[in-house]
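One chain, chain A, links the two complexes that follow: it is found with chain B in the first and with chain C in the second.
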Partner chain A sequence: MSQPVHASAELAPAARRIAAAAFVRKYFWGILFLLPAVIVFLLFLWMPIVKGFIYSFYHVDFVKGNEFVGWDNYRAVLDNPDVGIAVKNTLYYMFLGLVIGFWVPILFAILISELRRFQGFVRVIAYLPNVLPVIVLYGLWRWFYDPVGPVNAGLTQLGQDQILFMSDPKWSMVSIVIMETWQQFGAGMLIYLAAILSIPRDWYEAAEIDGAGIWQRIRHVTLPSIRGLIGLLFILQLIATSQGLQAQLAMLDGGPNKATLTYALLIVKSAFNQLNYGVAAAMGVLMFLVLGALAVIQYRLSERGERA
Partner chain B sequence: MQNLDRGILSVYDYRKKSNSILFFIAVIAIVGMVASMLYPILITVFNGLKSREEVFAFPPTFVPSQWVWENFDKGWHYIDLMQFLRNTLSIFAGNLVATVLILGLAAFSLSKLQIPYRKPIYFFFLSTLFIPPTTYIIPNFVNLRDLGLLNTFWAFWLPAGASAFYLLLLKNFFDGIHNEMFEAARIDGASEWRCFIQIALPLSVPIFSTLAIFVFSNAWNDWFWPNLVLQGDNIPLATAIYKFVINARGLPMNVRFAILTMVMLPPIIVFLVFQKYIMRGLQLGGVKG
Partner chain C sequence: MRKISAISLCLVLLASLLAACGGGSNKGEQASAPTNSSTPSSSGDASETPKTAEPVTISIYYPNPDQTELRAIEDAKIKRFEEKYPHVTIEKSDWHYNVNEIGIKMAANEAPTFFNTWATEAKFLVEKGWAADITELWNNYEFKDQINPILQNQFIIDGKVYGVAQKGYVTTTVVNKKMLDEKGAAVPSYDWTWDDMVNTAKAVADPGKGIAGIAPMGKGNESGWNWTNFLFQAGGDIQKVEGGKVSAAFNSDAGVKALEFYKKLRWDANVIPQDWALGWGDAVGAFAQGRTAMVIAGAEGPLDQALNQGGLKPEEVLVYPMPAAEKGGKHTGVLGGDYLVINPNATPAEQEAAFNYITFDYFSEDGLKSLEDNIKKFKDEGKFYVPPHMDYFNADSDYGKKVQDILAKYDNVYRYNAESNALLDGKPEAQYNTQDYYGAMTNVIQEIFSKKDTDVKAKLDAAAKTVQEQFFNAIKVQ
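Moving on to the complex of A and B:
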């Protein structure tokens, strides 16, 4: 029906019109339906992404207009002593997220998969904190961590010293990670649980006949079966925690003494407290370059997951 | 799923005493987990019902000794919750419409229609999944400002149509609908628009309900981005709570908890009612970037 494309250069205008008409007729609805999405993706995703690179070379001023400043913004980032602190805090936050939070959903998924009764109930309850609005979470846990809150009351009754969860720089980041683990572990748990329940029962049967104990069955059957998922969720957690800022902002505003000032929070603060939009954009670009590596790994893993 | 023949443990394992102790410990751990999930949620409700003195009692009590219902009345009038609730619901409704129309049409097109340059178009949409949003958070804000959308709900409604993740979910769903249905409609003279509105949409109610729940919880939860983009009377509920309740100094603790309870209950009720859709949505969306 349609004309061969390579000949179009030599075609007479009339024939070219026919080819164009055929192209339009064939693809009209397809293109029309895609158009709104293409426009909003361009305007609200690709524009900001590209503008980020552009602004990182400009001094952004809403009143006087933007001014090209070359690498100045990047120099300002590297000279800022807070950046080093923020990077360290972010790495610490990511590390704590793994140490405190990463294994919890795996453990409970295995435990819950063994429940014969009330499994549905336990699942719903474990997921319940996820539906709590984060803002309620912050208000609630601030009170929990209060010097006269219930956690410290429990500690005093056990004869322990009070812990200043929020105002002690040693504890503040740990407190945030514990709170977020409490809220989020249910989602990961459900994902692991679905994978564990889909492991063929005969594998355990075979392992048991071969004399494998319970630990060996978990170690050699359960865990290897969900290895791909563990890897994927590991990367996803790193990507998520490397961008963490909301809890740090809402609970402590980066304090005490910059102990919870993460890199993402510093970006936001440079933009909205110091009005250095250009510098903030440059920080975003630097973050993009680092996280890009993680994203590639995530892509590889999810591709492998789809093939399996 | 309850009546499997066996899991990791078999019937024989239960007979051994050491194993049943192990299982008992596991049950204790699960009960402890369930308690630690429920306690904070219940104490929020109960604290909202205590008297001013009792909230500060040390050690804290669990169930109020005296039920003070006025706290809710005071909380309701402390800020104009209705106004902020309306804002949240407007954002939710507009976001949902944008998701259904913009992403629904695009997913339909990708799945069922002929389009040129398929590969580059896929790349154009899906590569955005792998760019962490925090890295362009500032240019995103400046971009909305350049477009003149600051302090309008359009700054939420339009970008709601720019979600590669939802697009992917929708497209995968449409892929599961048989082409024959659309071919039959086309032979009967239906336009592609009618195919979408009268066939594709009604068949996709399950996926759209799942998306509606995602969109709802986003609109209800997000306090950070609206705090940057919206001001004054336009801010949604979560942002208002952040501004006027979490950071408030003079607000009594019991009234604060009453407000938190009122904000917390709607999503919990939605969750418990639509559990089925949500649990399925999690299977779809659990592994998102």
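Moving on to the complex of A and C:
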């Protein structure tokens, strides 16, 4: 009984080598073409991720050399009172993004799909803010939000008090989300619009024959048809807003009074203001774990969507 | 044929990728090559052209693309320098010092051979090992005794020299006199107080129209920097260094007094911008646009913007010393300045070439000519030239007098008031973790500006505790 087993065990490596050589011969050109992309992927995506994990256990000093500090960086993160504030602000920012911004592209996509004329023109107008350079956007909205800017001028005309959109901590995050919604809803709208326009027309015609009005058509045909896409973009928006820092940094530097200090901004400040790269890496690892979980959910959702 | 082209393209991409990743080490090898061969030049007279010296390449601090006049001046200087030192090749670097980028620049060995920095950064750069010890070059420099000692001393630490002073300032309050006149507000005397500042601001402020009396900065570390002037006027300090330890000192009675003054500006007098979250650029921009009558900064920046972008005339913009807390008190302002620091990663030969370049126009006739050409150029373009408030040389030195003679010849030069200058009292910033302290104070100031009933003392104590525990406790004073 033992002999054949031995023989097959000796044969196996040789067979594997032959199979590997055949594989390489067959796919040589394909592998060669893939190589640059794989190298770029490893160097610029996975190497920083792996290095981030490693640095999170070191006191990083690029000149005098790194020093292993075990879990100290993670302890420093958990001891830092700003982390709690930043997590709370990030969750608030994600929540506002959903409440203020998430439904806007869906609404516009449905409205535009219902237009009989000027559909292309309205689509371009709605997408236009997306191509605005962010520096122009921030300057523009700082003026909109100015105490004597157009919004406050309107409020004063209506006999209302001025709103300090930027310097009132109650308003600062809301103001940023409104601005970003205005700029970014066009991209989401195009995706929804494409999905809506791909819904077979005869479904709508059948609904109309059954006596469905516009609201019933939207409720019973449009929304169920794009349900999978809504779920996917919901997760993608959560992932994107959980990393939000750009407008918070550029417009208010995390203020006033830390009201716009998001988790990602705190990472940037730890790394580049305090030059505490180890602690920043530890914060990044913690964030990676949370976002990784979200990405898995997104993957499962998109898989389910494909199967459906 | 198509396959071969595709393969070639792949290989080129791969090679360029690997070249990009491996560039750093090559640079290091090239940089270290001339070390030995060029050493002899350092023993000779620095002013003599070392004709036999090995080639040296240095990258220099070069003005931004929008600073066309300054670029033209620098280009002329490069040409003259390369004529005198033919073995030195100059590469231009328009990277300008940034606290958030210096760590990365040094780690990647991408910082230029010399770069600009500020007075706050001396201790930080030296402790990090990011500023070369240039004591030997300094000791051999013939004009070292004529350099303005108030400025230069900021970069002499424990007897070693780590940077060369360019220009400096004592923080001032720049006042838009035109706005005061239009409102019929009295122009205060230069020997003014906190009360005079509030009254002047009150006379001009018109919150309904978005006009502020004064715009103390409320965003970024500059917010803490602005407030520190008032801390100093009230007699306070940022930190104390005793027994080898650094302890936070800004939560003193003076700190409380200075914060109470900010509270008064915001809530009682209501003279600061409604949208007070302004950084340096925002506040100075608001001043140039006539949206605030006063701004607190080194005078040069606000003057340049107000005259050359805001369309104001020199007589309409006044530079005041910071106000005294009370009548008879000192007009203390934070002493700041611009410095040039040599990269410690550079070889000795490169460091010497960089030092020669930095001081090339100092105390020279070419420097005077360059200054005059600059003023003329500004005049031709209908612009005003704003000279540094404090220069690298002593104002009453022979060279200082020559400069004053040139400035006096032109009507497009802004002239600082002698009475105001006499009242200036510059106080250097803290030695340790200054930016971290500014950051902590920015949070306190934002709290004061956003909540009327903030407990000033409690907030100051909390900020002092944070700064102490996070930063000062880790410092071991040598």
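Just so we're on the same page, the second predicted complex is superposed on the first by the 276 of 308 C-alpha atoms of A that agree within 3 Å, B and C clash if a C-alpha of one lies under 4 Å from a C-alpha of the other, contacts with A are read in each partner's own complex, and residues count from 1 in each chain.
Heads up, the rule we're going with is that a contact is a pair of C-beta atoms (placed from the backbone, for glycine too) under 8 Å apart; a residue touches a chain by one contact, two chains touch by 3 or more.
This is a predicted model, so every value here is computed, not measured.
Visitor: Evaluate whether chain B and chain C can sit on chain A together after superposition, giving fit or clash.
Guide: By the criteria stated at the top, chain C and chain B clash after superposition.
Visitor: Is A:Arg17 touching anything from chain B or chain C once the two structures are fitted on A? First, second, both or neither.
Guide: In the superposition, A:Arg17 contacts neither chain B nor chain C.
Visitor: For A:Arg300, select first, second, both or neither according to whether it touches chain B, chain C, the two together, or no partner.
Guide: neither
Visitor: Touching A:Met166, do we find chain B (first), chain C (second), both, or neither?
Guide: A:Met166: touches chain C, not chain B.
Visitor: Pick one for A:Phe272: touches chain B only (first), chain C only (second), both, or neither.
Guide: Touch partners of A:Phe272: chain B and chain C.
Visitor: Have a look at where A:Gly255 lands relative to chain B and chain C in the superposition and call it first, second, both or neither.
Guide: Only chain C; A:Gly255 stays clear of chain B.
Visitor: Which partner chains sit in contact with A:Arg75 here, chain B, chain C, both or neither? Use first/second/both/neither.
Guide: The answer is neither, since A:Arg75 touches no partner chain.
Visitor: Applying the touch criterion given at the start, work out whether A:Phe62 contacts chain B, chain C, both or neither, answering first, second, both or neither.
Guide: After superposing on A, A:Phe62 lies in contact with both chain B and chain C.
Visitor: Output check: A:Trp29 vs chain B and chain C. Expected answer is one of first, second, both, neither. What do you get?
Guide: both
Visitor: Tell me which partner A:Leu43 touches in the superposition: chain B (first), chain C (second), both or neither.
Guide: both
Visitor: For the overlaid complexes, name the partner, chain B or chain C, with more touching residues on chain A.
Guide: When the residues of chain A touched by each partner are counted, B comes out ahead.
Visitor: Which chain A residues lie in the overlap of the chain B contact set and the chain C contact set?
Guide: 29, 33, 36, 40, 43, 62, 148, 272, 277
Visitor: Which chain C residues qualify as touching chain A in the complex?
Guide: By the definition above, chain C touches chain A via 3, 6-7, 10, 13-14, 17, 21, 99-101, 103-104, 106-107, 128-130, 207-210, 218-220, 273-277, 279, 435-436, 439, 442-443, 446-447, 449-451.
Visitor: Applying the document's contact rule, which stretches of chain A touch chain B when the two form their complex?
Guide: 23, 26-27, 29-31, 33-34, 36-38, 40-41, 43-49, 51-52, 55, 60, 62, 108, 110-117, 119-120, 122-129, 131-136, 138-144, 148-150, 153-154, 156-157, 182, 186-188, 190-191, 194, 197, 201, 204-205, 208, 214, 217-218, 221-222, 229, 232-233, 236, 239, 242-243, 245-246, 249-250, 264, 267-268, 271-272, 277, 280-281, 284-285, 287-288, 291, 295-296, 298-299, 302, 305
Visitor: Which of the residues in chain B come into contact with chain A in the complex?
Guide: Residues 1-10, 12-13, 19, 22-23, 26-27, 29-30, 33-34, 36-38, 40-41, 43-44, 47, 56, 58-60, 98, 101-103, 105-106, 108-110, 113-116, 121, 124-125, 128, 130-143, 145, 147, 158-159, 161-162, 164, 167, 191-193, 196, 217, 220-221, 223-224, 228, 238, 241-242, 245-246, 253, 256-257, 260, 263-264, 267-268, 270-272, 275, 279, 282-283, 286-289 of chain B touch chain A in their complex.
Visitor: Write out the stretch or stretches of chain A touching chain C in their complex.
Guide: Result: residues 29, 32-33, 35-36, 39-40, 43, 62-64, 145-148, 162, 164-169, 252-253, 255-258, 272-275, 277 of chain A touch chain C.
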